[in-house]
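Below you'll find the structure, written out as structure tokens, and then a few comments.
The first chain written gets the first letter, and so on, giving A, B, C and D; residue counts start at 1 in each chain.
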Amino acid sequence: MTDYPLGQVEFVVRTIADTAVANEKYFGDLDAVVGDGDFGYSLARGFELVIRDWDDFDRTDPATFLRKVAVVITSRIGGTSGPLWGTAFLRAATAVTSKSAVDGPTAVAMLRAASEGIATRGNASLGDKTLLDSLVPATDEIERQIGLGSDGPTTVRAAATVARSTAEETAKLQARRGRQSYTGERSIGSVDPGAVAVAVIFEALADTWAV
Amino acid sequence: MTDYPLGQVEFVVRTIADTAVANEKYFGDLDAVVGDGDFGYSLARGFELVIRDWDDFDRTDPATFLRKVAVVITSRIGGTSGPLWGTAFLRAATAVTSKSAVDGPTAVAMLRAASEGIATRGNASLGDKTLLDSLVPATDEIERQIGLGSDGPTTVRAAATVARSTAEETAKLQARRGRQSYTGERSIGSVDPGAVAVAVIFEALADTWAV
Amino acid sequence: MKKFVNDPNQFVPEMLKGVALANPDTLRYVPEYNLIMRVDAPSDDRVSLIQGSGSGHEPAHAMIVGKGMLDAACPGDVFSAPPMDYVLETSKMLASPKGVLHIINNYTGDRMAFDMGKELAEAEGVQIKTLLVDDDVAVADSTYTIGRRGVAGNFFVIKVVGAAAEQGADIDELVRLGEKVNSVTRTMGMALTSCTPPAKGTPLFDLGADEMEMGVGIHGEPGRRREKLADANTIVDELLEAVVTDLPYEKGDDVALMINGLGGTPIGELYILYGRAFEQLEARGIHVRRNYVGEYCTSLDMAGASLTLVKLDDEIVNGLSAPADIAIRTF
Amino acid sequence: MKKFVNDPNQFVPEMLKGVALANPDTLRYVPEYNLIMRVDAPSDDRVSLIQGSGSGHEPAHAMIVGKGMLDAACPGDVFSAPPMDYVLETSKMLASPKGVLHIINNYTGDRMAFDMGKELAEAEGVQIKTLLVDDDVAVADSTYTIGRRGVAGNFFVIKVVGAAAEQGADIDELVRLGEKVNSVTRTMGMALTSCTPPAKGTPLFDLGADEMEMGVGIHGEPGRRREKLADANTIVDELLEAVVTDLPYEKGDDVALMINGLGGTPIGELYILYGRAFEQLEARGIHVRRNYVGEYCTSLDMAGASLTLVKLDDEIVNGLSAPADIAIRTF
């Protein structure tokens, strides 16, 4: 993480962006099962711009940096994901306002703020078969690991494991939000693309987390 | 042939009609290779009407009967085949005018008249890859068999054999008439649907020819 | 993938550029925001009508910009709501003293993008109202979903509202009129085949050779159920039953009937559907006074069709019969 | 087969019936002869224009009957020339004191049916002249074939001749005008996929996933050659080179440009082709003054497109810009 002046915040954002671009086809195929297939494309096109503008983002502090990234995401990702992910980044920024570094409890607060932003913007609750269904349990696990005194790599790996298993469990749920919800009971049996994307991102973080 | 007041003339027409209807798909598939696929459909729809009106045709003599059939074919078969086959039947009728029965030489004269009608109407010569390329040699063979004093079944079987082999040989030719001709050299390698139809008809005649 | 495409990521911009090149006197293309707008908009005398949604539904909506219909369209990528930014910038560029009307189809992504874009544009002084189209009867209005989807019926809403806007109607009047048209418009569609988004390169879903999808969404979302392939009459009867009984349309009603092709179905087949639908409606005592047979709101190259009914009154008929000048034309 | 069809043998009649039901005030359907005609034809003041050809090319020709275009169409079955009988009866029903003009595409079957029908109708006192359309540059004019095929260019011939007929021009003038338009019109098409005739139920030919057919005929006849699938720009450039160099169209020429969809290609893709063609023509100094993007002469559900150029002069522009009232319309 030595390349990143803002340390872990920057590293996390960059990993999310790289993961989104690398998984365009996979995420799109997941969305094609009962959705409309654009999820991978939307994320990739938006995060491509984040990567393109990477060097130019204002890095005064983590909040400023996150806010700038949020603007790109909100304004340039189409579909439902632009507003949802943009809101998540914006709320995370607010949660770290005026701090120059991010410790464990702050990270948890940022993730909670992001989830709440998504829930509000999307009018979604846990169990509606959305990305919240892996993001919220993964956040809980991070909080638990911090309470146990685990180190960074252990914490992130544990979060990834939880994100993956809860993402897989969304297959049992009936979609109540997004395009999938129109299919009613037919959405049961396939995983939620957003929830899987969260798992893939946490796994990418776990694979490279240094300290 | 006892069912047919006009004997062999009627039997031949009925066999042509039945064969056209029974081979709709086969003839259509042959035409789809380098043509436009409508040959089987066109023949079947036209000869279906011949069968439908079968009992109502004026049977005063063979010429009258053939002329009535020709009108149905000409006026109701679409594509190139309506005018071509209609002309063939009309010319055959003319060749048998005022005769009450058809002997061997008359049959040959009728077939020659039919071929010449097709050649004129279609501006086609032997070797242009059309139905003439099996019809003309088959007619030659009938004439030869009559000269040898062969009986009916032998003569028709010999004609069928020649029609089949010459139809197969059309695969070597480049189409110079009809929709296939637009493909130029690409028409080489596939048989001409019209020539094959003639062979199939002669084979059907040979299979059931009684005296 | 059997498509005319260069770089799949440039599919939408290249299409929009083509539309503008074909209509240089009437339309302008602003590549930064995927924006197609009338050259004479905004006008001080006219509320500006904007529609945005995913692309892939052409002629909706980029090709129905013009006098008497939309002032601008800001389509997103194929099947994706436009980014909020496009909505914001389009609203600002089209700001008229009489206001801006957002006409949107009822989907989560579109509603979010337009809500956020509206809020930001209003903060910059643009007056904006919203008209929601939700004519699809395939999806039940439940507490879980955000309600019915907006599909081919948007043509009628835009046509009637566009005619009134051209006459100088104020924005509240346009909202009233649009809501009225939407309230008497119902649609159901079905797919014979899937469609292939250019960037995906493979069909969005699999339909067996002997299957069809009844109630399919215009983004290829699955519909009510998958059924065994049926003949044209059976399909029309099923669509009609769902649509007629929903409003319901009743004996003595005058209606407009639209048979909308989904992109891969030739117009000859659409007229076969039209003939059946017309006769079945007559048999129910419902009179088809206007008809629309062709492509109005498609799903890329999907083979399939939707059937829309609009209950007519004089006000709606006036709007539908008013002239308009858009990219889609015969001459 | 993924089609809207009931009995495949009734495909054409059911389609024609639908067209008539959708246009009760202007069109009449005579089932005995597959005939769609203007309700106000024949007229003593107007030469009657008749076009017949195989079906499956819709909107050509059943859907372009109407004021300013055809007086009648007598289509045959899918891809088959109409039987001679239809030509005869249609000619008799449309007999006008000013004469009847047969507008036919140059195919053996159509020419034979129209020749024979003309002869018989003339014997019954109908005055008839013939106009041949042969705009397809894909097929060389050799001593073997009967010459070029007639394809999408027939739209321009019919539109210009139809406008003049509506003004009361006499039959020789119409022949002169039609031959002139045909002489400055050139087309080439290509297929991304085959098409499936309803009565056949399977694709007419096989095209590999990475193949395309350049110069395909509108009945699915093979074209110049099969090539490796290319991107949209490459395809346009190849079609354009063949068409431009054929007449040839030259620097400084004013042209109409048509991008015609073959039935299975959505209009969004057609506009991508249009944008490229427009720019390449401009680069050659050839000016696109009128454009036509959509479906004009199709091959059932074939994915593909054709490109047509017409060299314009004032007389042709007048005919093209005249109003017409046909089944294909937007409102």
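What we mean here is this: contacts are C-beta pairs under 8 Å (C-beta built on N, C-alpha and C of every residue); 3 or more make two chains touch, one makes a residue touch a chain.
Quick caveat, the model's predicted, so the values are computed rather than measured.
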Smallest count of steps, each to a touching chain, taking chain B to chain D: 1
Where chain C and chain D overlap in contact partners, by chain label: none
Taking each chain's C-alpha mean as its centre, the one farthest from chain D: A
Centre distance in Å when chain A and chain B are each reduced to the mean of their C-alpha atoms: 74
Distance from the mean Cα position of chain C to that of chain A, given in whole angstrom: 33
Euclidean distance of C-alpha centroids - chain B vs chain C, Å: 55
Touching two or more other chains - residues of chain C: none
Junction residues of chain B, two or more chains touched: none
Arrangement of touching chains [line / ring / star / complete / other]: line
Chain pairs that touch, as defined at the top of this document: A-C, B-D, C-D
Of chain D, residues touching chain B in the complex: 9, 54, 76-85, 88, 107-109, 112-113, 116, 138-140, 144-146, 149, 197, 199-200, 204-205, 217, 219-223
Contact set on chain B toward chain D in their complex: 28, 32-38, 41-42, 45-46, 74-84, 86, 121-123, 128, 176-184, 186
Residue numbers on chain D that touch chain C, as the complex places them: 2-6, 11, 14-19, 21-22, 55-56, 58-59, 63, 159, 192-193, 209, 229, 231-233, 235, 263-276, 278-279, 291-295, 298, 300-301, 303, 305, 320-321, 323-324, 326-331
